[in-house]
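Once you scroll down, you'll see the structures, which are given as structure tokens.
First subunit A sits with subunit B, and in the next complex the same chain sits with subunit C.
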Partner chain A sequence: MSEVTSESASTTETAEAPVRTVPAAPPARHTGRLAGPLNALAPHAKIGMVVGGVLSIVGAYLAWSTFVLNEGAYPERATLTMFVEPFGVTGFRLHITLLGLATIVVALLRVPAKHRIVRGLGVGVTAVAVLNGLWITVEGGGLGAITASDGTVAFGSIVALVGGLVTVLSATAGGLEDKPVWEWKLAWWVEWILLLVVFVLILLLVAEVLTSGGQGGVVNPYAGVVFLSLLAALAGAFAALNASGLLTWVGEVSERHRVFSVVVLLLCALALPFTGAGTEYWMTVASNIGVYAATAIGLNIVVGLAGLLDLGYVAFLGIGAFVAANLSGAAASVIGIHVPFLLVMVISAVVAGIFGAIVGSPTLRVRGDYLAIVTLAFGEIFVRSAQNNIAGLTGGANAIPNIPQVALGSFQFNQSISLGPIQLPGGVMYYVAIVLLVAAVMLVFGNLKNSRLGRAWIAIREDEDAAAAMGIRTGPIKILAFLIGAMLAGFAGAFFAHKTAVVAYDSFRFLESVTLLAAVILGGMGTIPGAVLGASILFVLPEKLREFADYRLLLFGLALVLIMRFRPQGIIADKHRKAELAEDPEDAAKEAPGALPTEVK
Partner chain B sequence: MSESVEQPELEAPPGEVTAELAEDMQIATGTREPILESAGVSMVFGGLRALNEVTFSLKEGEIIGLIGPNGAGKTTFFNCLTGLYTPTSGSVTLRGAPMPQDPARVTEAGVARTFQNIRLFPSMTATENVLVGRHVRMKQGPVSSLLHGPRFRRSEAEAHDRAEKLLAFVGLTRFADELARNLPYGDQRRLEIARALATDPSVLLLDEPTAGMNAQETEATRQLIFAIRDLGVSVVVIEHDTKFIFTLCDRVLVLVQGELLVEGSPDEVRGDPRVVEAYLGAPPDEVEAQIHAGEES
Partner chain C sequence: MSIFLSQIANGLMFGSLIALIAIGYTMVYGIITLINFAHGEIFMVGAYGGLATLTYWVPTAVVARWYFALPIALVAGALVSMLVAVAMERFAYRPLRNAPRLAPLITALGVSVALQEAVRVFYPGATAAIPFPPLFIQGAFVIPIGDGVVIRYTGILLIVVSLGLAFGLERFVERTRLGRAMRATSQDRDTARLMGIDPDRVIVLTFAIGGALAGVAGVLYGSYLNNINIDMGFQNGIFAFTAAVLGGIGNIRGAVVGGLVIGLVRALGGQYLPGGTAYDYVWIFVVLIIVLVFRPQGFFGESERVRA
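Entry: the complex of A and B
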């Protein structure tokens, strides 16, 4: 992307308009590598955007593949056979059509930040075209698969790609504006309805994303690409919405109705079994995501708030799980007593917390990299001990199998439930329980963050010596971070043991710690939605991309490198972090809410 | 920050804010008794004697200036007073009780400090920085932090109220929600003072509070320090700007090569030939001897 000079992007204050800052379109004088073509294109930006949109849609309706793929959800839509059912436009074709239509509409209307919105849409089209084109090429064995071969032609992906690129280039040439800031205030009940609609949409979207492409692996070899393609389209739409400033505005509205938002979000999360994701398989996937999300939030206390790098954190999940397994009455446990589940959760958390405090105690002496190595060693000690069946508590290579289900009276949590005409799938109770657990963990994190203790953690992260000079006893406070973080993982571990019914040492290896850490960093350090989003992405992807299982770590590493390069603050940034990592403080001031008052500049 | 900053009104804190704060902090006892004392404090780093038998006494409500050439041991002395260093020999006492050897406990006991190179929490807002300063005076256990009950909310409200007053006191109300790192330099120094005052100190140690400030900002800082004294806080100031020190302090200490060279009123110190020599150097024939004697300074 070339840079756009934006010195005249001055904020024009208009008192009566609902928009606080309508960014005036900057004069399109481009500098940088693509300056020549961009400046030449600038006067025709509008036409370019429309052409790009049209090309995208045309591309979507051409054939994408010169060969007929095997049976399954993907091929019907992707090959020549699509026109057997001309109105059956689904999957990536639907996404590109929608993005293309939006491009044309926005390009023709007078919309604030038009070019930036269109660029987002164009990036979405481009990404979808590239992903599907690549996949077809690889599957069909060469470029012939997306061009012409054996008398059939299939230029769909190429035309869509060109359309996407034309859109992006024209939008950039037209000059990217600043994000507008909306200041609408509606009646409270209108805002409530709006939030309700938005949250229900989010719920449906989550269900759609979760189930898109179906279960991965041998059952459905297309799951991965269908899922990724949906993600790409969503990313484009998200970028466009964000550029329009509407996302920020909805965020502000939900901030105004905090309690309402939290309650509705919780209800929406509980309503997931009623959507397309309401099958036993997806309930299991969602529950697993929940376990890791809760653990990631715990890790976020240690890493995100207190700034202590913990590379062996998954051990606490393991300790919680093994404690629960041993107290579950499973035949393989040496203790062999059965303790009620709620009590087991507490015991698991306490034991994990004690280990957390032990692991945290070196923080009194070692800092930074050295602490990371200590925690890494602890993680290894835990895995090796568990592998060697230490004191007969972990079952070694045999694991601890057949852990009984959590039961409420005679009802076991893995049974399905009938609510009148609606049949809820098995495992739904586990899902409900994990949603409540994650909600509780979020509450713990949020409340601690906004307290004396949370501020002390952040102060230690920022400058430990200065924190000590402010009267913060850094030693105990750091150990407390480890203790609380470990307790949250312990809770999740107890749940994990009962949910999966088997606890084996190899669920808690170094790789899992790294994945959790990556989830926290990817999602956004120090934020709750960030940790949940990160955990969701990193634990859903392997589920969808089973055919790429061999390359999992490679792709994973690549994704992390890209994220660190282009969005180091994570997908959902903490407003503080964002400012910290912004290269130009003025950019940060522009982006951060409650930014620097203009008169100071 | 660009240089085209329109200078905000820099003036002494409004009287009513000072009065309210003084009532909240309840520091002044009006006794004029010695509050912070050191007796024969020495500090040795390896072979370097950074401090040699420094003895001083700060009375309540007093402003003491600590001057001396670079490397004279001023900051080392501050670090000994605040528990960052444990003196090799000698003792530090606060109201007659030995000073704890741990920065956090020193702050708890009522001695707060600022740093020579500003050490704010850069990614926290101005208000949050001051709230961290309240840490030591707030009563919130882990459990109440978790549950956010009525007691918690009251203590948060009190802390926020105090933070607001302190920001008004140092004149940073307009930056309350701004990240510390985005503040102009001089305002960062003022924020550091507000943060230190949030710990309800009876003694405030300021390490070069006017470094890098222009004349106008320096004057505002002088007014601010007088206002801090009016709160009942006793102040020790390290500074290079002798003019600033001589117009601010009740008493001035001159530290040269770890030794307390002169102590007295600004007028006495200003006229002392030894001070002139320490700052401007000895007559030429003595310079050579000096170079050999004190290269580390």
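Entry: the complex of A and C
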């Protein structure tokens, strides 16, 4: 429901908007593979878009399946039960309807960057139709499930798909404009309220996404597709909002009120337990995401800022976790002393930092790919040693179980809290703690990035020799990147140990390092929200796609390949990075294949 | 003494296997400066390809006779690996030829994960280790030194095939037109193009040769250890990469020497260093780090070729 508001907001605001950059006129003629049909369609683009929108809505209201998919109590009408009930407008039908409506409205109004917005909406409709159609086909046993059988007709997915495609094609035919730039400046309190509304919407959206489809698994086989379908719809809506230039504008507004934004965002994050996601299960999921987000931010310092590819980074999370486990007073630890949690976090971070400096020391002599291999080797040494229970510190295959909960006085962190009439679920305190931890890590990252040190890192990333020539002492600064990155992971590790109560070497394998790296890259290297977004996506997806658990890693590998192929700069692109990753033919020519690679990555 | 000699023999056998994989690494890195992480998986795919051929397409009467089964399995494994390697180059790496260096590396990681999982999901029973039929004369002979040094015939096969293929490949690269084209492409792709060489074809050829050797290695590995699992690619791939670096990357002879050294380190380290066989892998990584830090050009690499 939250995207309803943002959607309608976008259309009303754009109508009365003063714009600085007038979008460029649409190109007169199309070239390329689809040139013929597109040029033929160009004069009728507006009609095409409206037809596409109407078809989408009609498709949403038709039956989607020739049989009843779900007789169980969950997820009731909210999601997929209404495949055979054309008029229950909830779940993905609601999403398609909204996208279709927005398509029609935008197509008819004089809106800047109209075609680009409509294309985003069309892509959303197409993706939702394809996802649900495919799912019904596969689960329902063949094409009969989405066409006609036994006298039942269910062309919903096909009609919606056609609607989406017509929308996309017509919008493209109409000519895609540049993204407009908005320059509104409102009174400060108006902007504050606006930001507040936006952030609360984001909070609700996050809660909605997190819980959509419910808990995955055998009980609820729909979790995956409901979740993906919502994601697809949201992707369409966001593409449209982004094309309208409004997202960029809101970003600028929040940049103007930096402190306010940060505080409100933090409060919103802390308010998640009060939304629909406030159950013990989702709190656990959210806390795990937080651990990996904090770690990913640490990795982002090493990879994103300093450009030093680290393939064994998860070892630092492991070191932090094992240090914490040994100092927790758990029965299985050989040290057997109990140290207060806050102190444990510091010790874990320091130990991890020391190891970080050790792992980073080869950077003095090794660069690029070779450095990646050195870090990989360190990571493997860590896993092997932990597996063999080195010095009795890691428990080997038995792990270190029964790590006591963090306690404040007599209150244990996994207990539930009641605030007056509101009963908060167990694990909430862990969630709160991890949110604060992530916030602290973000703060560190943000300040470092804009500091002298951060600029030195970026300079090293861009060109190490030039940086050295500018007087940057590259050696210590590179080691510092490893040290700080490892410390952040160590913090997260200490938290991880207490939160999960079991630390086993198995959690820190090479694949985890790759996943973290993928999170940083997927989100956008060198950006703060990027790492958090990437970590969220990569650690929520497996939770949601339990029914595809067998294919999880296969899809993950393919996704990595596809991301590198089509969007190497990640979802949120860093400005410097963007310039660097642009596939400029001139750049490509300069970087002659035989030439020595100068970039340090 | 006999223990020491046995470990030397074991090390050389394992090492020649690693050398065969390392050649693929070293050739690909030499020609497009890409650490092809997925190469270890190509090796694994070859083993499964050979096994599938023996299991599903060849009558058991034929499998029972090693002089039929061995060449069939080797050729099948090599073909499967070659096809996968070429497809990988075509669809994953070629589009990124001019992309920043991080992109192909991450892609290689992705391909590696995907290949491993594809085998796990789609090969029947691949979730656990699968027994591999013996493809050579079983048994061993004993060299009468001390308590006797046992040498398995399969191990001899391993060494002979590996060194033979490596030798043949080196001759190919040194003596033939295509080999010269490969060397030219690895030195300067643009100039090679000006000389009438099609770099794309040469790169495909490189992947094909490397893949075929890895496939052979996979089948030999299966028949040597008598079972295969999907993790074999990653672990041995890293060893092979270490071997390639050790020998000086881009250098076939170096890869072979590096492989043998790795084999010896593993066998002797597992025997004599603290921690025993549980830590033998660790010693390989320690060697890797030391070599990369102190002599990144390896044994045979030219010292002035600084690599970023």
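Convention: the second predicted complex is superposed on the first by the 544 of 601 C-alpha atoms of A that agree within 3 Å, B and C clash if a C-alpha of one lies under 4 Å from a C-alpha of the other, contacts with A are read in each partner's own complex, and residues count from 1 in each chain.
Heads up, the rule we're going with is that a contact is a pair of C-beta atoms (placed from the backbone, for glycine too) under 8 Å apart; a residue touches a chain by one contact, two chains touch by 3 or more.
Just so it is clear, the model here is predicted, and its values are computed rather than measured.
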Applying the document's definition of touch, where does A:Arg452 land relative to subunit B and subunit C: first, second, both, or neither? first
Check the residue A:Ile472 against both partner chains and state whether it touches subunit B (first), subunit C (second), both, or neither. first
For A:Leu480, decide between first (touching subunit B), second (touching subunit C), both and neither. first
When the two structures are overlaid on chain A, which partner does A:Val444 contact: first (subunit B), second (subunit C), both, or neither? first
Which subunit A residues come up in both lists, the one for subunit B and the one for subunit C? 580, 588, 592, 594, 596-597, 599-601
Which positions of subunit A touch subunit C when the two form their complex? 309, 362, 365-370, 372-374, 376-378, 380-381, 384-385, 388, 510-511, 514, 517-518, 521, 550-551, 553-554, 556-561, 563-565, 568, 580-581, 583, 588, 591-594, 596-601
For subunit C, which residues are in contact with subunit A within the complex? 32-33, 35, 92, 95-107, 109-118, 121, 186-191, 199, 234, 238, 241-242, 245, 275, 278-279, 281-282, 285-286, 288-289, 292-294, 296, 306-308
Touching residues of subunit A toward subunit B in the complex: what are they? 444, 447-448, 451-456, 458-459, 462-463, 465-474, 480, 484, 576-577, 579-580, 585, 588-589, 592, 594, 596-597, 599-601
In the complex, go through subunit B and note every residue touching subunit A. 1-2, 4-6, 82, 84, 102-104, 107-108, 112-113, 115, 119-124, 128, 131-136, 138, 140, 142, 145-148, 152, 155-156, 159, 174, 177-179, 181-182, 184, 195-196, 199
